[in-house]
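To keep things simple, chains are lettered A, B, C and D as they appear, and every chain counts its residues starting from 1.
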Amino acid sequence: MNYQKIITSIQNQLSSIQYTGKVASYIPELETIKATKFGMHLHCINSGHYHFGDNTEKFSIQSISKVFALTKAMLLLGDELFERVDVEPSGDPFNSLVQLEYESGIPRNPFINAGALVVCDVLVSKLENPKNDLLDFIQKLADNKNIAINRKVFDSEKKHSYRNMSLLNLMKSFGNIKNDIDIVLDLYIHLCSIEMSCEELSKAFMVYANGGKLLYNQEQIIPSRKVKRINAIMLTCGFYDEAGEFGFRVGLPGKSGVGGGIVALYPGQYTVTVWSPPLNPKGNSELGMYSLEQLTTLTGLSIF
Amino acid sequence: MNYQKIITSIQNQLSSIQYTGKVASYIPELETIKATKFGMHLHCINSGHYHFGDNTEKFSIQSISKVFALTKAMLLLGDELFERVDVEPSGDPFNSLVQLEYESGIPRNPFINAGALVVCDVLVSKLENPKNDLLDFIQKLADNKNIAINRKVFDSEKKHSYRNMSLLNLMKSFGNIKNDIDIVLDLYIHLCSIEMSCEELSKAFMVYANGGKLLYNQEQIIPSRKVKRINAIMLTCGFYDEAGEFGFRVGLPGKSGVGGGIVALYPGQYTVTVWSPPLNPKGNSELGMYSLEQLTTLTGLSIF
Amino acid sequence: MNYQKIITSIQNQLSSIQYTGKVASYIPELETIKATKFGMHLHCINSGHYHFGDNTEKFSIQSISKVFALTKAMLLLGDELFERVDVEPSGDPFNSLVQLEYESGIPRNPFINAGALVVCDVLVSKLENPKNDLLDFIQKLADNKNIAINRKVFDSEKKHSYRNMSLLNLMKSFGNIKNDIDIVLDLYIHLCSIEMSCEELSKAFMVYANGGKLLYNQEQIIPSRKVKRINAIMLTCGFYDEAGEFGFRVGLPGKSGVGGGIVALYPGQYTVTVWSPPLNPKGNSELGMYSLEQLTTLTGLSIF
Amino acid sequence: MNYQKIITSIQNQLSSIQYTGKVASYIPELETIKATKFGMHLHCINSGHYHFGDNTEKFSIQSISKVFALTKAMLLLGDELFERVDVEPSGDPFNSLVQLEYESGIPRNPFINAGALVVCDVLVSKLENPKNDLLDFIQKLADNKNIAINRKVFDSEKKHSYRNMSLLNLMKSFGNIKNDIDIVLDLYIHLCSIEMSCEELSKAFMVYANGGKLLYNQEQIIPSRKVKRINAIMLTCGFYDEAGEFGFRVGLPGKSGVGGGIVALYPGQYTVTVWSPPLNPKGNSELGMYSLEQLTTLTGLSIF
């Protein structure tokens, strides 16, 4: 497979594509990012790295961090976790309260906000220093100590978290949040505020493409059975209310964030991260979706 | 891979498993089927057939027929189809009107009843003899002229189709049904009433595991791009409100029916059909789910 | 009370009021009515008639007929009726399926379409000739043999009844429609197609202002207890999703129709009918609402 | 009218009626109230007081306080208030988030929790000392300085206010709460924690039966137009999801609370308060509803 040629072809196509999406604006720190930023970084298990654009520039990973949080919680808690959060696609916007009320405070899956908040509640219960422990875990996955939060993003998210507070209080009223609401929210926002580059994300997600082993030292840090489950959840629930469209057009497990990043992976083959801030109406990076669709089309590789 | 040993192991486990599900009872013809029926038929591209139990006994395929209908409609219409039916998981029961009303008559996906009815409407518009043409298509996929409907099931479903009539009328009020409601419903029920055995279904679904080519003569009858899309929709939407659970536990594209059948497939490797009438509360075969989970666990093969 | 002066004052105000509403257009026969038509007819128990404009011109009474149907069904069935249709305001549009699905086929009240269809089902079960019997009943209330349906409206409604068919089929699937769907729909549309003038409606509704007695001969044809209940339902449910607003601004029991008519009544005092085709976004006559608000403000009479 | 005889008759009937309802248990302070408590106090404009049972014992007025809060807000703000809270019946439980999410943070009416919280937000914006000012207002209506909150109830409600916090945060995310959430919630709980007896409530509500004038000194403290509107809202929205049933069976404007109290009124005639802690499944006092239905039946007086 000539990956370099494929990546170059995508780069060439993008120069002529006009995006219509909008950069996330609910906090000022995200809105100031230049809409024309674009990075792509493909990390192949057997054949190394292919990339172009702003692939080494750090950006706010936002909801992509939910995959790390879920992984850590699954390592700490086992299947009990899934009594408190389901694994079904939601059919509703990522921050909807409606489903939660109809289903008695059990979020549909760990990648909608409510579900990620339950995951954070588990982490608060189980970890001494949840913020540090999670950051350590991500740094280990990425083999990189230089991963941290953006303090401005953190502070700004804190000021705009009414809807997440609403979700937390509703779930607390159903008994599905065990810890103090402020502490759980603090961890959640901390995770959303982490900054990483395309290159770093592709490296950190390699564990999911490599059966639970770190590629750089082959240490098995996640049981392969759990990795498969996380990949399945990414495929069915990783793209808000557009998971079906992504499975349909791209056909890879993955996770997006409102910072404009999307990570996807082909088990046994590669991880790939794209970053382009303008979002489509469903909240996923418009050019990111397009690039990944091109990648699976041009490589002819698809899990389907 | 010693498939025979794996299949035998599943057969042995099943003898000691107690099911708690209930056979579908909304029409008398389904209710009379013996709950203890069980068949499994694994059809491998490279290594032939492995099976046990009632794998050659015909049963009512019900919603499994929605895959055939979707395929035919995609061959006839192209991407316009997806302006009339979405490809997102529903998060609601298979026959819910709520989503349809909130989303202006556009069904969430082609495997909920509303979506399959829109697909049938397309087939009525495009085909001379929709019933015969569909049956011919399925017979060709299965390389078997001996596939037909069960007339008693057909007549009985006709008498219990108020909810489908409700869906059709609601979509007609939104302009998303073009033909006479009775004709569309007639085709829909015709497809649900088809009877096939596990063996026949595994053969008919081989086209989806084989990149769109018939395995028995290598004729490409579905473009590979469309096969991938159909597989993606099966994975994200093939199990009513339990698609996530199935992806999570089994990790294969597939489709279930209330007759107790489930077909699943591993692209490039195999198709497998299980049949066991008792259904879990979400409407999927309880022992069928269990058997498929065992299959992917014991083979170690998973698309994730 | 100088009713004539009050009515004249309203007439004068209306000449300078600009409406922004739209004439109902879902069937051509309603759309052709001139938007500038306006009639008002106040019928006082003690002091006779006050009116202006097109008060003697017949128009399509549409949903106003639901009051007559409910009354007849209450006379035939007693409180059992309210096991099949509730008496709560709906909080949803008049033709919504959502509530019906969540509440197992029991309509919220007899004035939303679903509820009126259940009422018609009761009438079909209990009456020999439901269409004639209802028309006789209305003619008796109005002391007027010259009340009939508009055949063009009837035929046109028949062609645009997909949503009502959807409601009927959904309720039939829940067992809350006992008769053939077509027969129930036929009666429902028949009632909606009746034409009456403001004058005739004010006379026919006098029975509700007069404790169940016909004013013209003092025959008690509805028990006073049932009249009170019907009035209560009119107040809480008579204006689609705007019942609260009407209670708040006007404060009288009443019923509106998409033909632009509104009948209201003050128990022991008067009935009043207004007719102005342009509807506000909630489906009630815009100038009709305004005129009735003026009437209760200027008379200083209000049940509150 | 022989009110004494009617009241005695109700008292006699109650001794043989078995209730099936349950005392509110979401906070321990309400659960400890004896289920057999019963008080009734009828206060007639022209003919004085009729009562029996525990009519002078104070109980937690809970949601009945929402009428006082709404009145004060309407005096302070005028019709702008109704841009932030609607006046339609809700068709949903009193503390539902679903409606609020679908309707962009505008509560359906001022008597569901969300609406009362918006009213409290207005009071926080407009008043120097909202808690004291409201208590002064209620004391003036009741002509009684001996009205205060129950501190234990207040503290206990504070600890069980997750759902109200959820509502507040959701509305804040839509911009419909202007003040600090904790301050608004504090005022809301303060009002719910007020204790009054049947006698005191009947006296305090007399202003709504008397056209806005205090009966004891004929001071007009609420414009009559606003009183009518408040009465209309009480009739259409005063009984959670059972407003229609109450209008249908009782036919008076009123307001209930989970403490088991119900106040109702007949404009120009009387106010009446009943107190009986066991609640029916919709959250209204079971025997209270029954007693008021008897009252309007036996008096033959009804606004309908």
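Note that in this section a contact is a pair of C-beta atoms (placed from the backbone, for glycine too) under 8 Å apart; a residue touches a chain by one contact, two chains touch by 3 or more.
Just so we're on the same page, UniProt names per chain: A, B, C, D = Glutaminase.
This is a predicted model, so every value here is computed, not measured.
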Mutual neighbours - chains that touch subunit B (Glutaminase) and subunit D (Glutaminase) alike: A, C
Partner chains that subunit C (Glutaminase) and subunit D (Glutaminase) have in common: none
Averaged-CA centre spacing for the pair subunit D (Glutaminase) and subunit A (Glutaminase), given as whole angstrom: 48
Geometric centre distance via CA averages, subunit B (Glutaminase)-subunit A (Glutaminase), whole Å: 32
Computed distance of Cα centres, subunit C (Glutaminase) from subunit A (Glutaminase), in Å: 55
Multi-partner residues of subunit A (Glutaminase) (each touching 2 or more other chains): none
Chain contact topology (line, ring, star, complete or other): ring
Which pairs of chains touch, using the document's own definition: A-B, A-D, B-C, C-D
For the subunit C (Glutaminase) and subunit D (Glutaminase) complex, residues of the former touching the latter: 86-92, 99, 108-109, 225, 227-229, 231-233, 235-237, 241-245, 247-248, 251, 253, 267, 297, 302-304
Footprint of subunit A (Glutaminase) on subunit D (Glutaminase) - complex, ascending: 96-98, 100-102, 162-163, 165-170, 172-173
